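Each structure below appears as structure tokens.
Each of the two complexes below includes subunit A, the first together with subunit B, the second together with subunit C.
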Partner chain A sequence: MCGFANMLNAVIILAAALGSVILAFAYAGLLDFITIYLERKVWGRIMQRYGPAHVGYAGLLQLISDFLKYLSKELFSPRRVMKVFYYAIPLVVIAIITVPLILLPFDYVAISGLDGILKLIGIKVDLTKYSISLLMDHYAPGIGLLGYVAIVALSMPLMYVLAWAQSNKYSALAAFRTVLMLVTYEIPFLIAIAAAAILGGVSIYGIVQKQASGWFIFVNPVLALVLFIALLAESERPPFDHPEAEQEIVHGWNIEYGAGEFILLYGLYLYSKAIYAAGLVTLLLLGGWLGPAIPGIPISLSNAIWFTIKLVAVFLVFIWVRASVARPRVDQILEFGWFKLLILSIIALVISIALRAGGVVA
Partner chain B sequence: MSTKTEKFVEVRGRWRLSKGASGLVRSLLATAEYFFKSRPTTLYPYEKNKLPEAFRGVLTYDIEKCIGCGACILACPNNCLYRRSGPKTDKNKPGVYIAFEPTHCLFCGLCVDACPPVSGALSHSSVISIVSSKKKVMWEPWEWAAFTELIKEKGWEYDAVDYDRVEPLIKRKAEEIKKRLEEKSTGGKK
Partner chain C sequence: MKFVGELERKEWSNLTYVEVEPNTWYENASRLLDSGYLYPQMLTAIDWPAEKKIQVLFVTHRFKDSHTVAMSTKIDRENRELPTLTDLYPGIEWQENEAYEMFGIDFVGHPDYKRWGRIRKILLSEDPRLFPKDRYPLLKDSGGYKNLPKVNWNEIEGTDREKEGLRDDLVYVYVGPQHPATHGPVGFLLGLRGEIVEDVIPRLGYVHRGVEWIFEQKEYSKIIPLLDRQCYVDGIGWEIPYVLAVEEIMNVKVDERANLLRILAAELSRIQSHILYIGSFLENINHLTGFAWTVRDREVFINLLEMLTGQRMTFNYLRIGGVARDLPQGFRDLTEKVIAKFDKHLDKLIDISLVNPTVAIRADGVAPVSAEDAIKYGWTGPNLRASGVAWDYRINKPYMGYDSVDFEGAIGNKGDILDRMLVRFEEIRQSLNIVRQVLKSLTTRGDLGKHYKRAPPFPRQSGIAYGIHESARGENGVLVVANPKDPRARMKPWRVHMRSPVFIHTMSLKYLGRGLLLQDFLANYISLDTCVAEMDR
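What follows is the complex of A and B.
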């Protein structure tokens, strides 16, 4: 009898967890929509243009119309490419890049948003405990951060294979540049993650709870600088968009692909990476979903709102940097990564250790 | 050749983190400044363009002020202004008005210069042009005056006017103006 009850419980948790995954997908789609729209609008505004202005109110539906247009295009492959890699790798890349949705607490935020809405209309349920990332974090703390690092490190070699499989000179150059970015910025990124973990523990939920007393961006500003730059480089946002480099190697790593794969690789893969980067900055430096309570709204909904606001704000800074900074030469990128960012990251690590050992951070 | 390469190496060697940071901050501030600046361009068909103050748009005609001297007819290089007789509204006015052919006008503004200061009936509006499917559009004085009054009423400033669409409007307004003039008329042909 007892075993049957446990089985039933497990099945309920499984169903709820699957629901949380689907919610996380919907939340990521919403974030994609917001960030791409904002990128087009704000970037245009900085260049004194209008950005999308005609489809829907102020161009809001432009992304959807673009998406439908791209999907209607022909699938095309050049003559001498490796067909298996050419068609399989984009799907593998997309499949892999959706995993951080449950490694980072995107599903927790999405499900707490739903929970808050249900509480607002009067249904009293506690859905947030079914979030799959919370469950994983409870049984294996640290899997979120480590898994995210592993996924990002895995996606770069996949990009190499993808670029190499296209049998194009430009994409080959892009492949080399991808590996260059990986070997240059992975190490400062890992050290910055370690510095954050020293301040708040390996569990993302633990790190966020610890920031209730003070955000880590104020506790350790050097860590904030290093993590921000390293995440920009990891997610290939400009000025670190060397694999793409439209002016030099004309979209390099996805040059041969038609519109269908382009929307997968560029619209979903790159923007997912950028959203994860903004989410990680929010979680590790800006206190995650913590924020002052909004009167009249349940705490779980206000959590979701604060997280979304912070993530979008970080993404706005990404856009700002993209609009301001030119792309450096490849050797400058290497020099900056190895001789400046690495040293800065070690300084950040030392500061973190000193703060923790000195008892400034409990 | 050798000096050039030396210079290149020197510039590369001098690049420092502090310098890079100050450049970064300056560029960030510059883009932020542009973000809050107003745009120089407009979404034209949906927003109206701002034109310079001295813009020479389609001519307008204040029928109440016109003294019928005919100086504009003499000044016009294209001969697109014509004399028309009408009701005599004032003892000092001859009862002569000006007809206008907007499709023939070249927007030179010589008639505006020639118009005597006591009258000041002619001026440029901010209407960019009259667009019509007809080859020739001829405005009797009252129609021209009607167009002048309709610019303000219908908000045609800073815009091109589709004459095919607004022709009935102008005709109707012209009837009103003609009636108004005839009511004011002192009578008699003189």
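What follows is the complex of A and C.
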């Protein structure tokens, strides 16, 4: 059973899988770069101003310069906080929020991009089978989707602790609001995930393959609406940015943190969440990496390109929403979550069941 | 109306001045209330050290026949005591606080006694390390704001004296003075239960500069540039009432053309102030796109004002007896172009703000204030009209040639935030209308530039006058007292008092801000149109 060839194979897979994780990180960094730049530029355009324009060509390097500047700032903590919680929880939050990079097939997309580029320059290898999320999906189907749901469910209580540990009244209010957001959207979100799973199975790769015949956004538009709103709320983007609420509780949950933690919490944590949200919309509703073949380009590279384009397009919708809405009151959010979104999500679930049971979706 | 113990009665151009005996102060006030003078406009004091008296002045409106009464009394300078009028006119409470801290007048029965055991200082510090305890700066022999104690800020901490009056069952949160929603260094100490505001303690005075004292050190015409700085958004709104009051004391007539130019400047200033108001409200509810759009739209009106007055924000445009300069060449054509373009922008602005459901749910039905409450607490201007009170000083008591232009007032009915915004939108429209009319009737050739030089630089005889102007934020009132007999005030005013509508609106949140969510409280505060420099003076 445990021959030398198998051992060698396992080591190769291990190395390739680690490589795929690193590639996924690089890909996420690229997405962060694109989306934050676009958010600044497009939102600026909507507001009739320029956005970043001076660092690099058309302000392209502004993000990097901001990042370096923030990291160069002094670390400090308020007098009466528990230092352990104050410094450890941001790191825990960041560590946890990177896990979905391999739960959702970001590493698959990244590695197929590399695979396609290698094929373009004439090296014929099949790298995509070493993607760690594909391997996981092969041995335990559904671990990606369920794992992602578990991770985001965990991130909110962590944010509660983070806000509470700063011993500031504003961040305490933010902590309460975090719980409010959790009870507002988490149940509709879970029901929407269930509705998508009924249509296409629990495996993300299965769901994407199912959408070759038709994207789920057209199959079940109610599901698309619920999932989009729930993901918007989960990534705390306006109009669901109540825990942050600059005009009321002054960036509530990260009020006491300096620039270094700010760039970690705000730049990495929140934008990662937003990218995962956009990615999940792409995977569950917009056919993932599926798209018409681009002539002259290997299929694996075109997969990566289509996925990136779709994800950025979804993110542009996020920016559009952010630019055109105001922040509702907390009670209005709660009312919306329980009396509109929850009912809609149940309707979406029923439609999904009907479509599957009726045989419209095979 | 008959007064008890009446000593003197004079008719000023805009009000009836009555002086009464101090012991009939409260009775006369209640008579005023009974005969329909519901509206507490202003209360302040004037020091007369030569007579050993302090004069207290109380101004009130009657809406029915647009009549205004200034009731005045002279109390003993050594024994400064008067009964409070707060149970009749609740809106006079904070103005009594101000009269106390500036003149040391003890208002017996003031509501602050119940909670704090003393009348609180609002604008000055209650900490004796920062401001001497027994110094009342506007008394002529007090030394004013000179020779204040040197403060070592590294050693001092905790200068607020509010701690002893707080409730035990609430969590108190300092909102401001450094807070994104307060739009300037003003603060509130909010008692929260959950997110519901149950107790409001306004904390003002962070940018108190003592301008009323500074005014007393300056010649009449040198005060005008300082008045602009009291409200950096609507500066013309403060120049006008001062100039009106000084002109009344000096009996100066103003040309029709100069009046039209004043109206032009006032309405342009009102338009840009209202546009910024809409923007700052949208910013407060996190609608930053709307904020950016309003800043863009306001810019063109600031450019027009710059062309007209020479300055973008601190105009220094009015002169005693006229205005500083005539209509510049090409102003009319440019204004027509700007208005035509802005009309389109205004529709878009309404689309993004009022038609937008996420904005509408934050404004519609939030923090309604009834007409009775608005009158009772001394609200003025667009906020009063949003509550359904048809009172616009430009229409009800035309001054400065406002009767020659044809326009309508805006009025709401519920008094909620949405109505306040709608009133402002409508007033922008009406002001554009006024600007068009004024530009039509301003002939291209005028002999402006000389007549204000005919006005004397300072009054030769003593007198008191109270100028009122309906500005963007409410009724700006400036009381000017001339006393050239005293050598100290030969060329300078004896006393100038600014009745700031923003101060009154903000302080009234003490009672009207209770029971709202934190989010709504801040939106409500912004929807009253704030300007901290004017609040603190």
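We adopt the following convention: the second predicted complex is superposed on the first by the 360 of 362 C-alpha atoms of A that agree within 3 Å, B and C clash if a C-alpha of one lies under 4 Å from a C-alpha of the other, contacts with A are read in each partner's own complex, and residues count from 1 in each chain.
The rule we apply is simple: a residue touches a chain if its C-beta (ideal position, glycine included) is under 8 Å from a C-beta of that chain, and two chains touch if they have at least 3 such contacts.
Worth saying up front: this structure is predicted, and the values here are computed from it rather than measured.
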Task: Partner chain in contact with A:Val361 - subunit B first, subunit C second, else both or neither - done: neither
Task: subunit B versus subunit C as contact partner of A:Ala16, first or second or both or neither - done: neither
Task: Contacts of A:Leu334 with subunit B and subunit C, given as first, second, both or neither - done: neither
Task: Which of subunit B and subunit C A:Leu173 touches, first, second, both or neither - done: second
TODO: Considering only the touch criterion stated at the top, classify A:Pro238 as touching first (subunit B), second (subunit C), both, or neither.
DONE: second
Open item on the list: Quick check on the superposed pair: does A:Ile46 touch subunit B, subunit C, both, or neither? Answer first, second, both or neither.
Closed with: both
Open item on the list: Quick one: is A:Glu248 in contact with subunit B, with subunit C, with both, or with neither? Answer first, second, both or neither.
Closed with: second
TODO: Could you pull out which residues of subunit A sit against subunit B in one structure and against subunit C in the other?
DONE: 46-49, 323-325, 332
Open item on the list: Residue numbers of subunit B touching subunit A in their complex, please.
Closed with: 15, 17, 20, 24, 27-28, 30-32, 34-35, 37, 39-41, 43
Task: subunit A residues within the subunit B interface of the complex - done: 42, 45-50, 53, 320-321, 323-325, 332, 335-336, 340
Task: Contact set on subunit C toward subunit A in their complex - done: 171, 173, 179-181, 192, 194-195, 282-290, 292-293, 296, 352, 356, 358-359, 361-362, 517-520, 522
Open item on the list: Show me the residue ranges of subunit A that touch subunit C in the complex, using the header's touch definition.
Closed with: 43, 46-49, 169-170, 173, 176, 238-239, 241, 245-250, 323-332
